[in-house]
Amino acid sequence: DFLHALEEIVPAFGASTYDLERCRLNGIVDCGERHKHIYQRAMLLVEQVKVSKGSPLVTCLLEGPGGSGKSAMAATIGIDSDFPYVKIISAESMIGLSESTKCAKIVKVFEDAYRSQLSIIVLDDIERLLEYVPIGPRFSNLISQTLMVLLKRLPPKGKNMLVIGTTSEAGFLESLGICDAFSVTYHVPTLDKQDAKKVLQSLNVFADDDIDSAAEAVHNMPIKKLYMLVEMAAQGAEGGSSEAIYSGKQKMDINHFFDILGDIVSLRG
Amino acid sequence: DFLHALEEIVPAFGASTYDLERCRLNGIVDCGERHKHIYQRAMLLVEQVKVSKGSPLVTCLLEGPGGSGKSAMAATIGIDSDFPYVKIISAESMIGLSESTKCAKIVKVFEDAYRSQLSIIVLDDIERLLEYVPIGPRFSNLISQTLMVLLKRLPPKGKNMLVIGTTSEAGFLESLGICDAFSVTYHVPTLDKQDAKKVLQSLNVFADDDIDSAAEAVHNMPIKKLYMLVEMAAQGAEGGSSEAIYSGKQKMDINHFFDILGDIVSLRG
Amino acid sequence: DFLHALEEIVPAFGASTYDLERCRLNGIVDCGERHKHIYQRAMLLVEQVKVSKGSPLVTCLLEGPGGSGKSAMAATIGIDSDFPYVKIISAESMIGLSESTKCAKIVKVFEDAYRSQLSIIVLDDIERLLEYVPIGPRFSNLISQTLMVLLKRLPPKGKNMLVIGTTSEAGFLESLGICDAFSVTYHVPTLDKQDAKKVLQSLNVFADDDIDSAAEAVHNMPIKKLYMLVEMAAQGAEGGSSEAIYSGKQKMDINHFFDILGDIVSLRG
Amino acid sequence: DFLHALEEIVPAFGASTYDLERCRLNGIVDCGERHKHIYQRAMLLVEQVKVSKGSPLVTCLLEGPGGSGKSAMAATIGIDSDFPYVKIISAESMIGLSESTKCAKIVKVFEDAYRSQLSIIVLDDIERLLEYVPIGPRFSNLISQTLMVLLKRLPPKGKNMLVIGTTSEAGFLESLGICDAFSVTYHVPTLDKQDAKKVLQSLNVFADDDIDSAAEAVHNMPIKKLYMLVEMAAQGAEGGSSEAIYSGKQKMDINHFFDILGDIVSLRG
Amino acid sequence: DFLHALEEIVPAFGASTYDLERCRLNGIVDCGERHKHIYQRAMLLVEQVKVSKGSPLVTCLLEGPGGSGKSAMAATIGIDSDFPYVKIISAESMIGLSESTKCAKIVKVFEDAYRSQLSIIVLDDIERLLEYVPIGPRFSNLISQTLMVLLKRLPPKGKNMLVIGTTSEAGFLESLGICDAFSVTYHVPTLDKQDAKKVLQSLNVFADDDIDSAAEAVHNMPIKKLYMLVEMAAQGAEGGSSEAIYSGKQKMDINHFFDILGDIVSLRG
Amino acid sequence: DFLHALEEIVPAFGASTYDLERCRLNGIVDCGERHKHIYQRAMLLVEQVKVSKGSPLVTCLLEGPGGSGKSAMAATIGIDSDFPYVKIISAESMIGLSESTKCAKIVKVFEDAYRSQLSIIVLDDIERLLEYVPIGPRFSNLISQTLMVLLKRLPPKGKNMLVIGTTSEAGFLESLGICDAFSVTYHVPTLDKQDAKKVLQSLNVFADDDIDSAAEAVHNMPIKKLYMLVEMAAQGAEGGSSEAIYSGKQKMDINHFFDILGDIVSLRG
């Protein structure tokens, strides 16, 4: 059955490179100073964990709007750390499991990590791990208790660990008391006009004259949505123009781009 | 038993043409520009999924009042896509199942689709899949979590997928955060006077003089209710006139039509 | 045990004449234009189902105060339809069963009906099927979801079905969204002065001079309560006069009738 | 175990005289017109059930404050009816049972009664059968649904039944919709000054001069509490005087009587 | 396991003297008129139960702030009654048991008592038996229903019973309707200045000059807290003085006594 | 499995020195008068328990903001008591267990302790033991009831026990009524400017000129957060300076220290 199938994808030990790489399907491009600053600070925590004697457990939360690049950032830190044990815990690999089975799986990852000298665990999309919905609100208290204990429990003597959490529901985690359980929290922002321009330039699908107005129009959009928007618009009004545009033979029709942008923002505007 | 019987109706693979065709029992007639526009945009998404390399998963939500033609539209897109795997997930085939069995069935459809190069999955009547009632409100959080994860989970390398959701409870999905999980949302409207006239003309049961006043009277009615209304009225005040009317031998009695319309709207008016 | 015993009473197929007849223990008398109008319209729906090609499923809700004659009306339509499959689904035959067993039984009736060319299903006292209490309110969401799906699910090709629901809690069904699931809704009223007079005349237990003041006094009473009231009063202040009154040898003492009426309405007045 | 033991006390058939007699441990004394009127009306219902052809089920609710004599009245009606099947359903015989077992036991009593030509079932302390507490409020919806269905379900052809309910929480039953399920409701009152005097006279423990002031002091007290109060006071301030008082050798000390009365009403006063 | 171990401590029959004595670890000293009055009235109830013919069940509730001496009082009444069956039901002996097991144990004690001519059952700390917390509030309705039924259920013919309840949450019991189920309720108070002085004198650890100011300072303290406070203060600021003080060799340092008192009341003050 | 693994870490008897020592990973330094005062008073309770005859159970609650040193203090008292049985009950050793298993484990520790002449039990992070979240709020009533009973249950004759609780949610425990169950409560504070200076001096990583401004900046910070902050800052802006700083070869860059401080307080500021 499917649960069995899922099981197989999850190796018990070691850095799961495939999982980490899937978190940054559009690669990592320069998208402004604020993203870069967070990355650098997080790499200092990696260093601290490597050398620390007094505090074997350091925890860090990346919070920000949906699609702002939190998971890609966390995965990148994990990859760049070169730690022997790097693991991402995400709701994707636990679909349909009961609360207690999810807890057991989460605890298992920590127990495995405790055997490694140095380890990084990414708790991706914590609100999803907690099965959170704003109506009620409802969430799994079993899992939230487990996380709160794990975020405080020290690894055994001689083992050091960095835990990186990501969430787009910082307010909810705050009200649970989970935010306070992290040593430090960073806000991963949407793109401002300058950031967006950088990303659009790296994509190289707009005419030079259009790029500023395009960047202005997508001001405050998260990076993941920007990638989706560009790809939708690249089909053209009649379809079929995508290959020409990505290969550079043709430039994006800026009016069609604005039309598609209108479709996307209308409901929420 | 009946669960076993239901089971048999659901083939594990391939496009389920019978299910899709049942969604448009009254066929597809021209009912105005707004319906047509949505259809065209959705077909661009089909095209995008066909050629995309960067984003293997595109998701689209059709929302609008009950009977406005969402399911028929989604089924039509599925049929017209010519994708090897097209599947509709609806509450009809899961009556009486437990939440977790429903989840497993939904996940199973996605897992099956992941094996196909190109696939379309229709999540029909999402509020019904979620077992939603406005009192409380109550709904299945297990299923809502499953959908939120599936709407973000990428298919394996090299497989592309389009997910089309339909709902008449957009406000509820919005408050759950499920709307935001879709790449784009389209509003499927009721019929305005012009749209209704087109549909009534295609039915050809009114006298030419009556068609305008009939269209005016049903202004803002969803297309599915209009079909039901016409059929109820076609029986005539004494019954028995339906065959004559549909075969064109006799025209609809416009006063009886208004009477029946009165019965239908009185309670909700 | 008793569940087993109940089981035996419920035949799997065919019109359950005994059940239908029990719904109109006091027969069907003329009780005014409004009741008659609903009956006629409902019989048009029966006709529509017989001849329809486009819409294999027609649904109709009878709502009104407790005792206004909804169940008797629905049973009468079922009996008068001459359809091969007529079945009443009521809470009486499902006392003490779990929600899911009730669902399975309801679904079973629909599945059986799908095998018949023409069928009528009466969902009697929907609020009771839903285990509704106003405090909370509480109700079975499992059953409400099942009904909402069944009220939309089309019978297989070539089979046509009429579903008649009855309820004295229209407001509750409205707020669940179940009212909207019906094609049309009719309000079954209490008796006004004229209606009550007709019923009392058919009973023939009052002196001619008393019948108008009696009818006036029971203005707005549902028909079922009127029958109970007359029978209680017929015992006389000292008891024992009932036979004489029903056989016509003696007339009802109008003052005692008013006394008993006072007992009945005092608490709720 | 104790459940087994309870079981044995409950005979499956026939009038349970011991249970009925236990409900009126202090006998039945004349306590005023209002109690007598209810008794007489209820005996008319007994008569109606005996002769009725049209309505095989009559239901009657006795409501009033705790201790006002409802259970004793219901038991008396049962005893005086001379029906072959008279049964009291009370929470006492179902302590610690699960909701569904309670339902089954209640249904069992009705099923047994259906086999008898004439039967009376007393639903004693309905709020206790429903496991009601005002905080929340909480109650068993399973049992409340069962009662609502049983109060409407007709006995088989040729069998007639009277159901008498008692409750001191009429407001709660009203809000559940259970009150409306009864054909008629009577309010069993506390004792007014005259009523109390009658009861005290029949006890014959006060000096003639004291009886009026005693009756005045207990104005509005339910009869059961009055019996308890008198017995407590009869011990005397030093204890030991009870036998002398009940045997008539000594009269009640009216001041001690008022003291004890003060203890009882202080908290609730 | 521990449940088994607990089991052994609880003998099935007879007065459990050890349990009763543990309730008054600091003995019973004279602590004022109000305590004494309650004791005397309760002993009258003991007498009433001994001689009563009419009312085989008498129930009495002792309510008051935490530590005011309710359990010690109830135990004392039990001991002084010389009844053959005296039993205390407390949450201590039911830690970790399920609601239904607790119910069964409680019922068992009553069933055992019913076999005794005369019996006393102490329901100690009813709010704890009910698993009450003010947040929500939450409590076991199963147990509350069981108690409400047991408080009304008459013992078999010829057996008489006194039930004494204790609680520090009278308001909660009132709102459940449990208070009304008791025949009479007494309020066990904290100590006023005079009462406290009596208790301190009997302890004999203060200098004569200090005793009034000490008594004044602990005005309105429950007796159990006063014992704890004195013992804490008796250690002295540096520790080690306790033996000297209790043996009378040294007097309590009044300033240190006030310091410790300050620690205790600060948070709640 | 992991539960089994956890099991092994928990010895059934005796002082668990390893557990206690882990609670004070940064040792115990002088951090001001207020901390010292609490320690001294608690050691008086240890003494009281040693010599008490009247009150075999003394209970004490340490409450204060997260990281203020409650667990380290409790562990230190346990270690310094030299009692034969000292045990810490914390959520860490019960991750993923069911409520009832947790209860059984907690009761087991008490039962074990009852066999020891003198014992100390630390209930660490009571809100975590109760699985508390502020949303709702939700918590385990089973565990809260168990704790409330255990905090009142006397050890067997001749055995004396001290229970120390810690919590950072005093308000919540207050509203549960758990605070009142403790004999005395102490508030463990954050560091004021003077306290912080003492801690920073003992760390010896700042230049003498910077230590005052550093202490001022961290005014009102709990001691545990201060240790974390210093270690994060010690890495330096470029990383790699930590060893030099802790070995004394280099002093902390005060500006970088303020930057890192800004990261930590920004969200909550």
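By written order: A, B, C, D, E and F. Residues from 1 in each chain.
Basically, contacts are C-beta pairs under 8 Å (C-beta built on N, C-alpha and C of every residue); 3 or more make two chains touch, one makes a residue touch a chain.
The model shown is predicted, which means the values in this text are computed figures rather than measured ones.
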{"item": "Any chain in contact with subunit C as well as subunit D", "value": "none"}
{"item": "Chains in simultaneous contact with subunit B and subunit E", "value": "none"}
{"item": "Copies subunit B and subunit A - interface residue numbers shared by over half, same or different", "value": "different"}
{"item": "Size of the rotation, in steps of 5 degrees, that lays the CA trace of subunit D over subunit E", "value": "60"}
{"item": "Identity of the chain that, by mean CA position, is farthest from subunit B", "value": "E"}
{"item": "Subunit C and subunit E, separation of their C-alpha mean positions in angstrom", "value": "58"}
{"item": "Distance from subunit C to subunit B - Cα centre to Cα centre, in angstrom", "value": "34"}
{"item": "Two or more partner chains touched - positions in subunit A", "value": "none"}
{"item": "Subunit A - residues contacting subunit B, complex", "value": "1-2, 5, 22, 25-26, 66, 91-92, 95-96, 128, 131, 133-135, 138, 227-228, 231-232, 235, 239-240, 242-243, 263-264, 266-268"}
{"item": "Sites on subunit B touched by subunit A in the complex", "value": "41, 43-45, 47-48, 51-52, 54-55, 58, 100, 103-104, 107-108, 111, 137, 139, 141-142, 144-146, 148-150, 152-154, 170, 175-177, 179-180, 183-187"}
